[in-house]
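The structures come next, written out as structure tokens.
Heads up, the next two complexes both have chain A, just with different partners, chain B and then chain C.
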Partner chain A sequence: MCENKYKVVSGPEGYLPPAASLMGVLLPDEGSALLEGDIVKEEDAMQQIAKKLCNAKNPVIFPGPLILWDWADGVIEKAKLVKKLADVAGAKIIPMPDYRPKYPKINPEVEINPNHPNITIWHNDIDVCIFVGVHCHYANVALKIIRGGTDCYTISLCAEVGHEDAMVSMRDLDVKKLQKLIDIIENEKSS
Partner chain B sequence: MNIEQKNVSPEHILFEAPRDKAFITGSEAVAEAVKRANIDMSIAYPITPQSESMHLIGDLYAQGYIKDYYRAENEFAVMAAVHGASLGGGRVFTATSGPGTLRAAEMFPVWAGSRQPIVCGFMCRGISLPPSIQPENIEMTFLLDSGMLMFHAENAQDFFDMILKGYAIAEKPDVHLPVGVFVDGFFTTHTREIVMLPPEDIRLSPYDPKCSPVPAFDMETPPMRVVRDPLLNKSNFISYAANASWHQEILAAAERSKKYINHYMNGLIEVDNPKAKILIAASGTAVAQSREAIRDLQAEGIDVGLIKVKSIRPFPEKEIQAATENAEIIIVPEFNAGGWLAREIKASLDHNSRVISAPRIFGGMPMPKELIVNEVKHAIKKRA
Partner chain C sequence: MSNRIITPVKEFEDLLPQEYKDLVADGPFFAEKGVDDLGTFKEIMEQHPHCAGCGEALGMRLVLAGLPTPQDTLIIGTPGCSFFGLAQTALNYSNTAFGNQNAVASGLKRMLQIRYPDKHKDVVVMVGDGGIADIGLDYTLHSWFRKEKITTIMLDNEVYGNTGGQESGMSKEGKVLNMAPTGKKFPKIPVFELAKTSGCCYVAKVTIASPKKIGKVIRRAILIAREIGPTYVQLFTPCPTNLKFAPDQTLKVAKEAEKDYYPFEEFISDDAAAYLAKVEQAKGDGKS
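Coming up: the complex of A and B.
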């Protein structure tokens, strides 16, 4: 494990929390993951995700456009597994269908938006959330706002290289890893 | 296209492919880089000393190396148009100089804020302070907080390599920021030197907008353009907070680029003779002049080391702190009147009275090595 001094933990952290990258948190290399700012083995991150989901009062998955639209080979299979993940974890799904700020007011019952994600989290009293299929820039924008203003525990399942601003972040998410995560959650549930 | 080009990885073209000597100008080195960069679109507007390179890139378009090329109405139009081409998912290149840089300046933060991996050459010159077309790099100071990554080339070889390395770094999904590759105009653009070039039958693999951290403006990429508008311009706290988080993400992306700069550029700085108590820290062609000065000083028995600052943004704060830990005198020669590099270095260091911001040369005047030698000797005398 590679330990960093700055810990990416549940907030509310304050008025304008720093980008974790600027506090020395590095993204993991292939085969590793991030856990609260430290680089850990993927398996350890998955265990933490399972633990958090199983102990959550109101876990919610926020699927983004990359998983909501059938735009590339393999997306449907991944989307089906995200649905399965929600079922196994007992999590609700609130989509992030696009990235436009919603004015005059978002309907937090039905969607989340990266520019004001805290509104949906506050309204639904969400204590653990998972970002999946959200373009990296918008995920990072949202994750910092959530850490700043809410006590929600954030998890990102990223198909690219991950997100420092999430409390747990997996990288290179594919169908195989998603299935493994579901298996670990099922084990955690039954133990 | 005269020859069939094979798509290869940045690692292959930069580190593995054999290289042959060419005796070319810096402007020609730009064209050689663009020839191997698999560019979709390049847009030009002439200004000295940039004009020749964009002219040569026009020739590359005629030869089939670039898919589209045109001359825009002015520099702002150029930078706005490459913004559009990049939003659409294309790999683009352009270049400008001095007053053109300032005329276009509104677009550079837009590129960064839109997370676009545009590579732009800046062939630096005076900016009408008073009017001058001659070499100096004062324009760089205006771009330090524009959000783009800034690399400063010492010579035509650096210029060639930094353009290709710029794409490799800029297009990483966790970076995805524009890269400005800067040279001191005329000194580098208009003089011939030996440049080692990889074969012209290889080029970078195409840019893949599917890995972008923001969706391309492409009807095939969901959720298409509806995701990108409107920008964050409402007058309420939520908008301010979103804007701040967005801005932080640009800074975070620049921080992430350090890992790739270390990989592709072998570090943000380069240090020769790090144990010396006297160091010269410079960027651009001031590095080349410093090398000459150091040779003379060494011949006189004065031990002097060199820090070549390659990456201006992100600024190598920690690297310079480590490299200057034992230094007693740090001379910073620059080709501009403002002394922006010295300011950056002073802001990074404890005991920054060690930093001497001199010689500063501008207006097109050259920097004879003797000026640097004299600054070193003067600083030694002052300390004694």
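Coming up: the complex of A and C.
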């Protein structure tokens, strides 16, 4: 649909990689998604997510505060589907309960922090990860750090407009889209 | 900003790190806790990166234990030693450009009053002496002139600590510091007196040597700010690193200051006193 010269692919891209938006990557319009810097149809992005998850050695879902805490109506329904997604994809779940810098440091076995997400990825040898329910400004920071310092393939399931720095990014994620993604993963698993 | 934000979704409850499970089960959110209860509940500030014996770290711990409703409290900070610890507390926290804290707090308070007209959302500024008495003095005074319903807490360590020991307006006259080798040339800025004459309805001065008093004045300051107007608490939190005393002497230094030049003082306006009497009577208060 819209190809960009700069490819948002797994790193490590080096210390302080450029923000993908500065390299010309644009956020997708409604009904579209981002795949490695290019704007594609939502369905194509979902297929890629399914492929990556099914071929991953250690896929992990990182649910953020927006989905870990019952702060608003509709959260529980989404959380149930994220749990189902993890079950279907055979992915572990490591939570990001909040964004505090922690002293002396986080325990990377049980949590991820946006200020140093690479520690959790290195420690657990994660090759594919999904961000869901993380506030956009912290997701952007974390995704860039991951691209800079790890070879982890990043996927963001965003309820707003998506993330340029993820390798695959969905936007406007709701219950319907989550269920569709689960169905596609189930199909990919059985094929 | 309510108990919902610390209520875990069942699907992920087991996956939360132990610290969060403890905060939910034993924190000060679902049952009211105070300074008297310290040691019996999971505190919202436990670990911190401050120096050994830091008076500010103890001051923050006591202030945070004294918050009447932490789940409905927003702490506003500014650069300085204090924000290292504050950024790590399990509370809503926002940092600001140096000195802007009372301006930011005013805006947030007004916004929260519009967003939650039927609920008290406590906006509490907690910053160092440099943030209030020097760099942010204009914003601080103007927020008091405007009668903004916020609580301002000064963690007075009498020095710019994390930048190596420059004198602040709150350093004592004559004090020699790392970067004030000939000693400070003028007395402490009388912020306590300025607060009284600038519109604050409740003003208190206390040291970390009096934990129960801290619990009491913090509670009073926040309750009065909800209904009556701006409040100010000045808390002496001596800095062993820059004031050059041993880290295990912090409380002793605070106690000596309390006897010498930092006595407990409290000012309360008539309307605030009437309101407080009503609230404390209704609650059978005495909570510290």
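Basically, the second predicted complex is superposed on the first by the 191 of 191 C-alpha atoms of A that agree within 3 Å, B and C clash if a C-alpha of one lies under 4 Å from a C-alpha of the other, contacts with A are read in each partner's own complex, and residues count from 1 in each chain.
We take it that a contact is a pair of C-beta atoms (placed from the backbone, for glycine too) under 8 Å apart; a residue touches a chain by one contact, two chains touch by 3 or more.
Since the structure is predicted, the reported quantities are computational estimates derived from the model, not experimental observations.
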**Q.** Superposition on chain A - do chain B and chain C clash or fit
**A.** clash
Q) In the superposed arrangement, which partner chain does A:30 touch: chain B (first), chain C (second), both, or neither? A) neither
Q. Counting only touches as set out at the top, which of chain B and chain C does A:137 meet: first, second, both, neither?
A. first
**Q.** Partner chain in contact with A:93 - chain B first, chain C second, else both or neither
**A.** second
Q: Return first, second, both or neither, reflecting whether A:71 touches chain B, chain C, both chains, or no partner chain.
A: both
Q.
One more residue to check, A:111. First (chain B), second (chain C), both or neither?
A. second
Q: Would you mind checking which one, chain B or chain C, touches more residues on chain A?
A: B
(Q) So in the superposed three-chain picture, is A:101 touching just chain B, just chain C, both, or none of them (first/second/both/neither)? (A) both
Q) Which region of chain C runs into chain B, 6-14, 42-50 or 96-104, after the two models are superposed? A) 96-104
Q: List the residues of chain A that touch chain B in one complex and chain C in the other.
A: 68-69, 71-72, 97-98, 100-101, 103
**Q.** Residue ranges of chain C in contact with chain A within the complex
**A.** 4-12, 15-18, 20, 47-49, 87-90
Q: Name, in rising order, each residue of chain B that touches chain A in their complex.
A: 115, 172-174, 176, 210-215, 220-223, 226-230, 232, 234, 238-239, 241-242, 244-246, 248-249, 251-253, 255-256, 259
Q: Can you check the complex and tell me which residues of chain A touch chain C?
A: 63, 67-72, 75-76, 79-80, 82-83, 93-95, 97-98, 100-104, 107, 110-111
Q. So in the complex, which bits of chain A are touching chain B?
A. 16, 18-22, 26-27, 65-66, 68-69, 71-72, 97-101, 103, 114-116, 119, 135-138, 140-142, 144-145, 148-149, 160-162, 164
